[in-house]
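Same chain, two partners: subunit A is paired with subunit B first, then with subunit C.
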Partner chain A sequence: MNWLGDGTVDRLQANLQVPDLSGTRYRAVRFLAGGGMAAIWLAEDTVLQRRVALKVLDADDSPELASRLLREAHILAALEHPGIVPVHDAGTLPDGRVFYCMKYVEGLRLDDHLTRNPAISDRLRLLLRIAEPVAFAHSRGIIHRDLKPENVMIGPFGEVLVMDWGLGKVFSAPVSESSAQNTGAAELQREPASLRVCSTGHGSVLGTPGYMAPEQLRGEVARMDQRTDVYGLGAILSFMIGNSQAAQSNMLRVGNPVRAICAKAMDSDPNRRYATVEALTADIANYLADSPVSAYPESAVERLARLFNRHRTAVILIAAYLAMRLLFILFSHR
Partner chain B sequence: MSTPTRSDDFPVTRHSVLVAMRSDDPAQRLRATETISAAYWKPIYKYIRLKWSLSREDAQDFTQEFLLRLIEKDFLEAFDPAKARLRTFMRLCADRLFLNQARDAQRQKRNGSTPILLDFDEAEREFARRIKPTSPEEYFEKECVRHLLALAVERLHTRCESLGKLVHFKLFQDYDLDRETEIPPSYSQLAAKYRLAATDVTNYLAWARREFRACVLQQLREMTATDGEFRREAKAILGINPK
Partner chain C sequence: MSKIMVGVILGAILGALDGMTAWFTPAARPGIIGIVFGSTIKGILAGILIGVFARKVHSLALGIAFGLGVGLVLAFIIAQLQHGYYFQIMLPGGMVGLTVGYATQKYGQSPHLQGAASAH
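Let's turn to the complex of A and B:
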């Protein structure tokens, strides 16, 4: 029997994990990440001579997982938005594993990005951009169900992408007529059963603890709708304002209204959450503009302070004018 | 025999080893024990050499004793797949046997039993090649993986030979097994060496790797006790969820 040295053992083990891309247009470059059911590989598209990411199922004979991966590819294909990674191709590899090919995104995950300690206003603006593709998906009747910092990528040019739609689900909320006409949501509603039938529809719990809404945690599939993602965005906001180095060293000053927005988004009762992502982002935008937010009933003092902040320049100019005027009156009476 | 070999007619099914070990048919039990012995004797030998610092001769005697007990004493009757992996169980059995023998302090070489022929020289050469100082348990785990892959290579070689595809195996050997540098030979070098087209090298190598993967899974199935253990091991070693 041939002796296999450590290098050979490592190489064989690594090779065994490489998807069999023989006969395809792709060539594996390196392993990028692994998850519960699939691995992501950096690959080269030899026809178009560009780098792509291949998401390859671990199992070679699991119809349930295969259909879940293909469903994810269908969802991505249906959601054309700058904040959602585009899918180029899908199929089955010679070794029997299902895969799909998508754009290779370089950048930082949100949790890594936050280690650069951006200011609170920048964090809130970032959340508004994370919410955009989520709201877009909702307008197509799709919820993400696994929103968390690890699933948000910040590209080198500041682009924000919401990744990993593997738990995405078509929910039954009515799609507005205008958006349906404009974007083909009606077609999506008539899409193949694979899109409409959720493989987790039997009450099994899938998601990430800490970011899952209570109804998701309890496996109440019928109760999940866009408010489930509102909870996820609230949990991301909570992470952004609370779990960073700056927040722990009290360098990050988070106002009560932001905390109230976070609490409302993460309310355990879906009926008391923001009804839509747009309502959540409107409150954040209001906060950034020093306008009142629906989640936080402010006191008279807080209202005055906010108005001062909002009209700081005008107030200072008026105060300066009045002070000068007063000084003028005092000196003119001497 | 230099190494206990798996009988080709051994039924390779899910839970095959465990089911066969508990079969009423002595022949089936014997074949199952042979399979287990082939898969584990070398890691056990190296493990006790390292852990208990046994001399070469004592380790050989111990390994013989261990395998004979495995065959004759229904060693695996006590194995509960819910509690441990078969690999861990084997290692613990080896530890227990050693401690019992040490306590008795009256260990004698077995008389009358036919020893199992094992290539201890080869095992000893491999043992001498260990480089990094690891714990005996870690070493055992690593040796199990090494032995699994080595058996799968043998299996691939046999398969290629029977299918008349030895060139495929040689390409696999040159590209994945024998090279000592990080940089593999180029496909054009291999094509020239074996007088093939470069595209054939790509296809043959892909075939050999696909077959090797199948061989590893087949071997792994025989080295594990339950379907659950098989899947966990495949996930840990190969990073896949096999069927």
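Let's turn to the complex of A and C:
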């Protein structure tokens, strides 16, 4: 008897995972990434002749995960925003696997983008752009619950996309009845029982350690709301200003107000966090504009220093004028 | 606050300061009130001109250049009337114009922004 070699077994396993796209408008091009329950394939839409990304459930996964993938597709379909990857299609493949088709996004993940070592102000502006689609989703009553650098893509033209809404959850009634019908919010609200605890039957944690809010870590689904995502954004901010290798190697100088913003966003008590993403971004925008931030009560000296920074050129011009006047007075008395 | 108001206030303050420094020249002390008044008016006039320019042209470089030009021209006229002290009058005058030119470009609301703010 001839035993199959490891390479052959690997190839067979890989072939098993290739989605059966026969009879569909898609043609698999190559494997892009794999996750806990699904794989993402680069595919060609043969009708529209464009490249798309297919998220296909793994071959041996349960109906519960299938409904989760469809839920994710529903959430994406409900959230039409430039910062959220649009979904084009969803359904079941001939091999029985559930899939959905979305725009193929080229670019860098946030963690890879940070290795280019952008300045601290650019990092903060980037966070503002990451927060935009999250705030939009909140306005539609949906929270992401898995915000982390790996789920943020920076496109080649600087576009910022928040990816992987697989753990998305409806936390309140959507803004209007009509949008509720569009989003299928009632359907989205019915979470599988396993989502109410920290682990699924497949053993994957619902969220990412280090980016999960304490209430999420404890599986307190009822307490999760937009402040859970505020925590996630705070964790991303923390990563952007201090935990990345690029940041450490270049000793980024981060002001106390930014650290205070980060600490407030990541407070273990949701009531002490920013109540909304907008409140968090307002503080970051204020910091960027050399204005006071709500998270940091500054001393008189710090206030003076901030005002000087804000009006540096005008202060220098007036000081130069006064110094020149003083010199004239001194020389006129000689 | 409008850009013209920024120009007027800054021009008036710097102009008044400019005039007050005449106190340190004993020969000029008897006429100090007239000097301060005239210098303040000159500053206000420069502030109005530069402020109006800033409303029309949104360019830091052009704003500074225009401010410098206005400051120098007004100071030159004063120096002509004084029959001398060109350097002592024109250098501070130019600096006042330059500073007001910068400030009017950097601070104060444009008319369309003011309109939007009042609409709210």
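The definition used in the following text is that the second predicted complex is superposed on the first by the 284 of 334 C-alpha atoms of A that agree within 3 Å, B and C clash if a C-alpha of one lies under 4 Å from a C-alpha of the other, contacts with A are read in each partner's own complex, and residues count from 1 in each chain.
The working rule: contacts are C-beta pairs under 8 Å (C-beta built on N, C-alpha and C of every residue); 3 or more make two chains touch, one makes a residue touch a chain.
These numbers were taken from a predicted model, which means no experiment stands behind them.
Applying the stated contact rule after C-alpha superposition, one finds that A:S62 touches subunit B and leaves subunit C untouched. Which of subunit B and subunit C touches more residues of subunit A: that partner is B. In the superposed model, A:I318 makes contact with subunit C only, not with subunit B. With both structures placed on the common chain, the touch criterion links A:S332 to subunit C but leaves subunit B unconnected.
When the shared chain is aligned, no partner comes close enough to touch A:F308: not subunit B, not subunit C.
Across the complex, subunit A meets subunit B through its residues 1-9, 11-13, 15-17, 20, 22-23, 34, 37, 39, 58-62, 65, 94-95, 97. If you check the complex, the residues on subunit B that touch subunit A are 3, 119, 122, 125-126, 129, 131, 142, 145-146, 149-151, 153-154, 176-177, 180, 202-203, 206-207, 209-210, 212-213, 216, 235, 237-243. Looking at the complex, you find that subunit A touches subunit C at residues 313-314, 317-318, 320-322, 324-325, 328-329, 332-333. Against subunit A, the residues of subunit C that register as touching in their complex are 14, 17-18, 21, 24-25, 88, 91-92, 95-96, 98-99, 102-103, 106-107.
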